[in-house]
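Next come two complexes built around chain A: one with chain B, the other with chain C.
The block that comes next holds the complex of A and B.
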């Protein structure tokens, strides 16, 4: 007797309504302020606070960008911020990698030094900004690029060190040992084997350091004045006795997002691997 | 090629004493296997020879030169690691050539030697691949290639096969043995696997608690173990140990296991043993056979055994029975025994049996 195979109906996947709703809500939550910021930056001043709001400006304008970048010296702030943040990031990554390697592989300073490094972040910034200000005034670092680069390097170092420390600790020693037996000095084993393998961790730490420097306001406010001021400090000027300059603030905010987004896109691949702190290895 | 001499070597990690006074002479071209249970200090000893650990005391000589203060790179040794330790960011050719490049060898020569090493190991088609694209066995071959390409004075192997599955392990074991036959360089090999130790070694150094328990040719250790530890560690299935009493009656000696009296092979030296001494009789499964002759041969003891556990392996069957209350395993021909519960006459070859002092567990 020939058995008739039952017709198998392919199971149709049901539409994940809940998931779509959740993601939709999340998307709106994240993107709405960005949209509003962009919208505001190209609106004529009269449209800022109208009821009902202007959703799509009919006559977009770039006057706010022009004012923010030139009249309010936003461009100078942007350039200062780039110089200071990039320098501090590079230094932080460099020293952080060296220090973390030393802590992880040589157990430098026993168990206390690594914790002491992190403990530097326990200090509230307000507690040290005044002495730093006085010292900077005394040695001529006040309102200089170098001054802020030093300060930012020092502030970002603990987190860089700890991220890299975890990364190096998760890396098996045997590859460096193989390099030592193969004919490398300690420095070569570090530079030619450990550093390339730790690249995702280094990139992740550097991105964190850059974001911290890029958005830092408090120290920049206290330690700079007319020449080394950074982008975040420019925003102060938009709220003054004449009222709030919403368009200019929004325009500069959009400008300040660009480097962060560019960096995020460039580093994304490394960032995801770096944040797993050595758990994922090729 | 070089001999290795280790004298009075100690290694301490704080309060932990990992290596406790090792004296060891390894001849040029010898294949020495350091074997022992985990934590016995064998890997630490190997790493100290490589220069990856500093010794706390004692000297290490390679080729007649004290190398204690030499950096690993200056000792001219090559090492194969348990986890292969390939450089993940370099392809196979770069991995193998890395050591030569680090020593500033000109590129054409590096390429030629890499090609030769790859040919020897049959990995030429893999030269352009990255370690993550290789199987475990291929990775291990690359790791060995990285060692042989440098033509070092000594090869060090740190449990190189323990991450491989059983079949591949057998295959690679054969290849390592062949490699040693081909290049005849001094090799020091660490393992916890007694079969690797027995099959590969010219000499086995069996370690326990940071000290050498016994060293010698594999068959020497197997046939004449110095202690119950050595006897129990080498050989699979394990040697059976039966508690008994030594009886000396003039020239004839015997071991009493409750009701049974097993004669000690005549002419066997029992230096220092006294009448009534508590002993352990050590019997390997292959010392026991099914009796076929009408009367037992010289030096054998016949026992009517009731098999209570049978483990067939195909050609042979491991049969466990009780002798004076203690379990004993016999390795029998598969057709000699059919089922548990069977009664069989078993001949125990006392000429090959080991006798240990029950207290010190040292051989008598």
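The block that comes next holds the complex of A and C.
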């Protein structure tokens, strides 16, 4: 990770065999399931049950991708996931930044308000989702895009708020104070001075909110069914399968993991802050 | 800053910016207006549902029984005296405990190998963090593809390695299916431990080690005397965050075992899900989720209190 600068310590002479072995083993452990999934996704169905297994498919095929996207409605799930995750990300980053600024600069509500937001992060989703399901059915938000967008906005808010809270606290106040002295309103000091300076932090918070929405399963499973279902819930179709749909499951998995991995690796400089809600500056 | 400059020019020209009544009001209550959208959303979609569920847990709310009569503690009784509920809580505790412990040790070991710079470190770093960005559903799917009989290659590989026929039902036979669930969790979340602990390790001033080396302290002693005490707050933070997520374990179970065989792999979340959404005893499920919430709150109080005392950063 770029942000965590490697520490240079006095070199010892011996070759660290143990370290290399451990790291090598762990790399294989991480890559092996991904490789096998990719391998399965391009393997013709005839190769599924051969002994020994087909390690490298000789006749790669895209039929599974086609089936996963169209026959299993993976494409619909993909589009829903994009609409819902992007909308929730924008709302979460916007409201999160607003609140974080107020907490960081005006100490709004003291410690209580900020810790109340943090406590939301640790609520078990099962406790929330049952009543939300009942409420959504009552007000007609069940199985709608808007319903899931609102749910995801709320569920990513603690992380957005705390990441931005830490970011604003680490930013010097002097620019905004100068703007206020010059006669700017508080809103102008925030919107025209602080927000542009905090843009990298906002982008990072948005990336983590997006990944959280994109990979979320539990809320989507319970709050959607036939029309607003997201990509992860499409995998329900492959549960308990008897051999016929291995390729489709793998193909859909490959399609859905590409965006979040790409974003995550691009934002890895901010990973430590993202994982610890800003508590640790990576 | 351009707008600031504009305003100072206006001021210099003797024209102070005038605000309308609303703008003045908004400026005075600025800090509360900023927190309002987030707070209102959390109130609407977290606090209100929780209060609503508290009501539901004391009444009859069951898709199979009409009416919403007040039933007192009956819903709670049903959960407390359900052996499956107690089993699921027990399973949640030890499954998450073992997973987190393995993730912690493995994450620490890998972090220790990555502290120093070496060629290829950046690329390896990017690869190691990949599991963090994958949906747990897909992680469950990936391990299903590897483990499930007869398709998965795991039994074949073990047969070759051990020189004898291995035919383990990784998703159905009793000790092995726990192993499968743990390995999927370990695969996904070891990088979490690794990333946080590595950040902690790189923050330890290297001159401490240099001084120790001059004093003739060996690597093992240096680990106990320098690394461990400096890393302790980070370790506590990583363990707390991870444990609080691990006890929610649901997605991989849903995909890999479906709670089965029977109810052997029901975690607390999975149990409450089936009670609520496959049996439709919604009030029993909300009562159970309140009990689980209290259980979680106790863990939070225990761990987060500690965490706030040590104050990393």
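A few comments on the model shown:
Note that the second predicted complex is superposed on the first by the 224 of 282 C-alpha atoms of A that agree within 3 Å, B and C clash if a C-alpha of one lies under 4 Å from a C-alpha of the other, contacts with A are read in each partner's own complex, and residues count from 1 in each chain.
Quick note on the criterion: a contact is a pair of C-beta atoms (placed from the backbone, for glycine too) under 8 Å apart; a residue touches a chain by one contact, two chains touch by 3 or more.
These numbers were taken from a predicted model, which means no experiment stands behind them.
Legend: residue contacts after superposition of the two complexes on their common chain; A:265 is shown touching chain C, with no touch to chain B. With both structures placed on the common chain, the touch criterion links A:53 to chain C but leaves chain B unconnected.
After overlaying the two complexes on the shared chain, residue contacts for A:177 are found with chain B alone; chain C is out of touch. For chain A, the partner with contacts to more residues, out of chain B and chain C, is C.
In the superposition on chain A, A:188 contacts both chain B and chain C.
Chain A residues in contact with chain B (one complex) as well as with chain C (other complex) are 175, 178-179, 182-185, 188, 192-193, 281-282. Against chain C, the residues of chain A that register as touching in their complex are 1-2, 4-10, 16, 19, 22-23, 26-27, 29-34, 36-37, 40, 48-49, 51-53, 94-96, 98-99, 101-103, 105-106, 108-109, 113, 117, 119-120, 122-128, 130-132, 134-135, 150-151, 153-154, 157, 161, 175, 178-179, 182-188, 190, 192-193, 211, 214-218, 221-222, 231-232, 235, 238-240, 243, 246, 249-250, 253, 256-257, 260-261, 263-265, 268, 271-272, 275-276, 279-282. Taken together, the chain A residues at the contact with chain B in this complex read 172, 174-175, 177-185, 188, 192-193, 196-197, 281-282. For chain C in complex with chain A, the touching residues are 1-4, 7-8, 10-11, 16-17, 19, 23, 26-27, 30-32, 34-35, 37-39, 41-42, 44-46, 48-50, 52-53, 56, 61, 106, 109-110, 112-117, 121-122, 124-139, 141-146, 150-151, 153, 156, 187, 190-192, 195-196, 198-202, 204, 206, 209-210, 213, 234, 237, 241, 244, 247-248, 250-251, 254-255, 258, 268-269, 272-273, 276-277, 282, 285-286, 289-290, 292-293, 296, 300, 304, 312-313. On the side of chain B, the complex with chain A involves touching residues 50-52, 71-73, 75, 77-79, 81-83, 85-89, 98-100, 102-103, 130, 132, 146, 150, 156.
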